[in-house]
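These notes open a run of structures that come right after.
Okay, so chain A shows up in both of these, paired with chain B first and chain C after.
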Partner chain A sequence: MSENIKIVENATCTFCGCVCDDMHLHVDVEEKKIVKAKNACILGRAWFSEHTIEENAPAAMIDGKEVSIEDAIEEAAQTLVNAKFPITYGLSDTTCEAQRQAVAITDIIRGNIDTTTSVCHGPTGLAFQGVGESTSTLGEVKNRADLVIYWGGNPAESHPRHFGRYAVTPKGMFIPGGKKDRTVVLVDVRKTKSAPVADIFIQPKPGKDFEILWALRALVKGKTISADIEEETGVSLEVLQDLTEKMKNCRFGVLFFGMGLTMTRGRHFNSGALLALATDLNEFTHFVAKPVRGHGNVTGADNVVSWQTGYPFGVNFSRGFPRFNPGEFTTVDTLSNGHADAALIIASDPGSNFPKRAIEHLKSIPIVVLDTKQTDTSKDAHVAFRTSTYGINTSGTVYRMDDVPITLRPAFESPFPDDEKILTGIRKRVHELMLARHSANGAIGEAKVAAPL
Partner chain B sequence: MKMILIPGRSAKQGTSLNHGKLKEEYIETTSTLEMNPDDMQKLKLSDGDSVRLKNATGEALVKCIAKKPGDLPSGMAFIPYGPPSSQLMESDTAGSGMPISKHMEIEIEKL
Partner chain C sequence: MPLHLKLHTTPEVPLEAECICPDRMRGLSIDDINRLIVFHGNREMHLADFFECSGNNDGDIRVAGDLVNVKHVGSTMSFGLITIEGDIGVHAGAAMSGGKILIEGNASDWLAPEMLGGEIEVRGNAGHLVGSGYRGSTVGMQGGEIFIHGNVKNETGHCMRRGLIVVGGTSGDFTGVNMLAGTIIVIGEMGTRTGAGMKRGSIISLTKTSILPTFSLACNYSPVFIKQYLHYLLKKGYDIDSKIINGHFERWCGDAVELNRGEVLLYAD
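The block that comes next holds the complex of A and B.
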């Protein structure tokens, strides 16, 4: 460790959707690494300490061979404009400024854009459209919530500061006693490390969330539920009745929910049932529901894609205007059904995390990847860019899981360009190529090609 | 033995992916299956033994460790998200974009 230590106050951790912006970083400027991250959780400490600079790593490669960034941008642009069904995917671990460029690229090349939301809270996005959202910021939760329910998630391991910074232990304006003024409920099929935080732990049978949520809706409305609900769901009627009374009689209740609802049978029906329960409870008290979001700027991806296209994810531009159709234009589907013939992957690793059949097709098509580290996706890429890390090397905007935008304070410079710079280069080049193509064809004038940003 | 597999996040999976998804720590973390000790006894398994997870989509070879019986009910197993769980994930999304990524029905056998 050198003696040249720089302090960065109020930096932001972008590892998870909590986007904690109270980091106190000690940066070894000569070694280009963060040696201490005060206030960070176990995940944040790993995020800051492990994002060091691999000086010898090439900034750009084509088929595994080092090339200039300019050559890689040219090859990436050619690959994308020559594809019949190019897909753009990822985007949850980069800035809103970079996300905006990715939407523009996809628009220009008449491609298909989707984000990691589709395999995260995508079903919740569908439920929002069907049911609506009774929402709030995490600040309101901190200051007001006296009943906090976590459903189908394990924040102790996935979002460790959710309890301590936002929802359980902090003292708030109307919650002066912190945790002792709140009742915390956890609903999960596993008794996870989050269970000790909960005053009430409910462990249903797996795959019975919808049934329990619907029963709670009925109880809230004063309907009679048979005691054999316990046999069906693993949760007794008494427990459900007790929870119903707590929900109806709290001053400000919140339902935080995770992948236990969206990734299981029922998907958007599960999320929709929970959102409908929150709506129903507003007849009695104030109740909100918030999805607990995973990646640092997955909420930003939803926002940017929504305000640019009108839809949050799974958007196709092949007809020259945006169309939204989950199940067709979502990436697991465009890959599994073999439609995609080129992919622009930004800050994501579908080559590791997607279903087997989708991975097999992904490996058979040319991939352009932007990532800070080598992954299963980038190691097979046709064009691979090594980019700097948002929040550590790059400024920009991210959205916390409650849709609050936060500006990033970088800690030290990286020799690698950021995602926005590479994507802007690709966007400019694909625009030139598409203009040239349309001019050559003569049939379609320049006005039909999307204008650059 | 038939079981329900719940892939999910763990703190170790989260810290090791920052180190690198091609590094040994991440590969080991995402290849470690947590099981109910009674189920392990039925299959004559000890901590660290290798098992094959299999369903109609694919198969994965992983190591198993025991959890407390109350934490993980009999018939259910947990694995941190990663390449092995992807091998068992069906690609059909039922028109939603989301594959069933938790609650997968699998067959487990001792190697």
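The block that comes next holds the complex of A and C.
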């Protein structure tokens, strides 16, 4: 360790959706390493301490050969403009500023944009649209919530500071005793490491969340439910009645839900049932529901894509205007059905975690990748950019899981450009190429922009 | 002699061809039809770039070729007949209000979403969301009849308001979810969570299925209207045992979290 240590106060960890912005980083400026991350959890410490920069890695490659960034931008732009069904995917581990550029590129090239939301809380996005959302910030939860229910998630391992910073132990304005003043309920099919935190642990049979939520809705509305529910769901009627009373009689209740709910049989109806339960409970008390989001800026991706297109993910521009249809325009579908003919992948690795059919098709089309490291996707890329890491090397804006925007304070510089810079270059170039194509087709003035391809 | 459209070039990416519709072709010459616009991904092309067109333009259209990547065929049609001589892609018959679409093979997802009237017959299977509403819409199919001889996937009749959907084979989960009114008949087995959130309407199944805890058994009876429906289905080519036609059905009322005025009728004998 060198003597040259820089302290970055109130830095932000972007490893998970908690986006903790109270990090005190000790940065070895010469070694370009974060040697200490005070306040970080075990995941955050690993995120900071394992961050290294491969100085000698090429910043841009075409078909595996090092090229200048300008040449790579030109090739990426040509690839995207020549495609008939280009897709843009990823975006949850980059800044909102970069996400904006990605939406603009997709709009210009009349492509299809989707984020990692479609493979995590996409069903929740659908449910928001269908059911609506009673919501609040995590600050309100900290200060007011006396009943906290976690459903289908394991924050102790996935979001370690969720309990301590926002929802269980912190003392709040109206919760002076912290954990003592709260009742914590965990609903999960497995007894995870989060279970010891809970005052009440409910363990339903796998895939029966919808039935339980539906029964709770009925009980909240004063309807009768048969005692047979236990045989079907594994949860007795008494437990459900007790939970119903607790929910109706709390002062401020919150339902946090994870992918154990959204990615099991029933998907968006599971999320919808939970959101509807929160809405029903507002007849009796104040109740909110919040998805526990995974990636650091996946909430930002939802926000940016929504305010630019009107829809959160799975948006298609091929007709010149945005259309939303998950199942048709979501990336797993556009790849598995063999529809996409070029891909722009930003800060994501679908080549390693998508279904086999989707990966096979992805490998058969030209890919443009922006990532901080080599991935399975970038190994197969036609054009690959190595970019700097958001939050550590790059400033910008990210959204915490409760839709609160937070400005990043980078620790040290990277020799690689950031996503926004590369995407801005591609955006400018695709715009020029499209205008040139429209002019060649005889369009002039405004019509150059709106002309059909 | 009908108008024949034969696919000569398989689209590399999805082809959006809502122009394959009697309303849009009404009064057009073969040359005009050849020049109708289709979208090949993000490129505007002409129908003739993909289809060979021949015959008389009299409202009767026959479409042949591998059409799994061809979307929106028959969208918003109000009269005439479209015969698909094989499989068809998504959104076939979207918002149609009249006429008939006969699909001799399989249909994909979103068959006849937000249909207003007319008839669709599928000899094979269909995908998810038959006769449903589009995402964000609170009303699905509002009229007309959909006859599927094979199986369907999830969310059949999602938030349908009126009309009839008949499934000869099995249906997936959430059949009739958020249904407002109308009738769904499933001859084979249904998946789980049938009728979740339904306000009114009838879901009739000729086999037993799991019932949500928010439905309650009202009675066991032999309603005349089911007999009428099943006789109608016999005429439509479905194979139904006469024992079932005259049999008894359990009537489950639900969904209690909504109006509780819908019914799931399960063959009981």
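Convention: the second predicted complex is superposed on the first by the 443 of 453 C-alpha atoms of A that agree within 3 Å, B and C clash if a C-alpha of one lies under 4 Å from a C-alpha of the other, contacts with A are read in each partner's own complex, and residues count from 1 in each chain.
Note that in this section contacts are C-beta pairs under 8 Å (C-beta built on N, C-alpha and C of every residue); 3 or more make two chains touch, one makes a residue touch a chain.
From a predicted model like this one, the values you see are computed outputs, not experimental measurements.
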- Query: Will chain C clash with chain B on chain A after the two structures are superposed, or do they fit?
  - Reply: fit
- Is it chain B or chain C that touches the larger share of residues in chain A? B
- Task: Using the touch definition from the top, say if A:D341 reaches chain B (first), chain C (second), both or neither.
- Result: second
- Task: In the overlay, answer first, second, both or neither for which of chain B and chain C A:R357 touches.
- Result: first
- Message: For the superposed arrangement, I'd like the angle with vertex at the C-alpha centre of chain A and ends at chain B and chain C, nearest 10 degrees.
- Response: 80
- Looking at the overlay, what does A:F313 touch: chain B (first), chain C (second), both, or neither? first
- Message: A:H51 in the overlay: touching chain B, chain C, both, or neither? Say first, second, both or neither.
- Response: first
- A:E232 contacts which: chain B (first), chain C (second), both, neither? second
- For A:G327, select first, second, both or neither according to whether it touches chain B, chain C, the two together, or no partner. both
- Report for A:R190: first if it touches chain B alone, second if chain C alone, otherwise both or neither. first
- Touching partner for A:G260 - first (chain B), second (chain C), both, neither: first
- Touch check for A:E211: first (chain B), second (chain C), both, or neither? second
- Query: Between chain B and chain C, what minimal C-alpha to C-alpha distance in angstrom results from the superposition?
  - Reply: 6
- Note on the structure: Interface residues of chain A shared by chain B and chain C, listed 126, 265, 326-328
- In the complex formed with chain A, which residues of chain C make contact? 12-14, 16, 39-44, 69, 90, 109-110, 128-129, 134-136, 173-174, 177, 192-193, 196, 210, 212-214, 216, 256-257
- Query: In their complex, what parts of chain A are in touch with chain C?
  - Reply: 83-86, 109-111, 126, 129-130, 210-211, 214-215, 217-218, 221, 223-226, 228-229, 232, 265-266, 269, 276, 280, 317-319, 324-328, 339-341, 452-453
- Item | chain A-facing residues of chain B, complex | 4, 6, 8-11, 14-16, 18-22, 57-58, 68, 70-73, 76, 78, 81-83, 86-103
- Task: Under the touch definition given earlier, write down the residues of chain A that touch chain B in their complex.
- Result: 15-16, 42-43, 45-47, 49-51, 114, 118-119, 122-123, 126, 154, 156-158, 160, 189-193, 203, 206-207, 259-260, 262-265, 267-268, 294, 313-314, 326-328, 330-333, 335-336, 349, 352-359, 373-376, 379
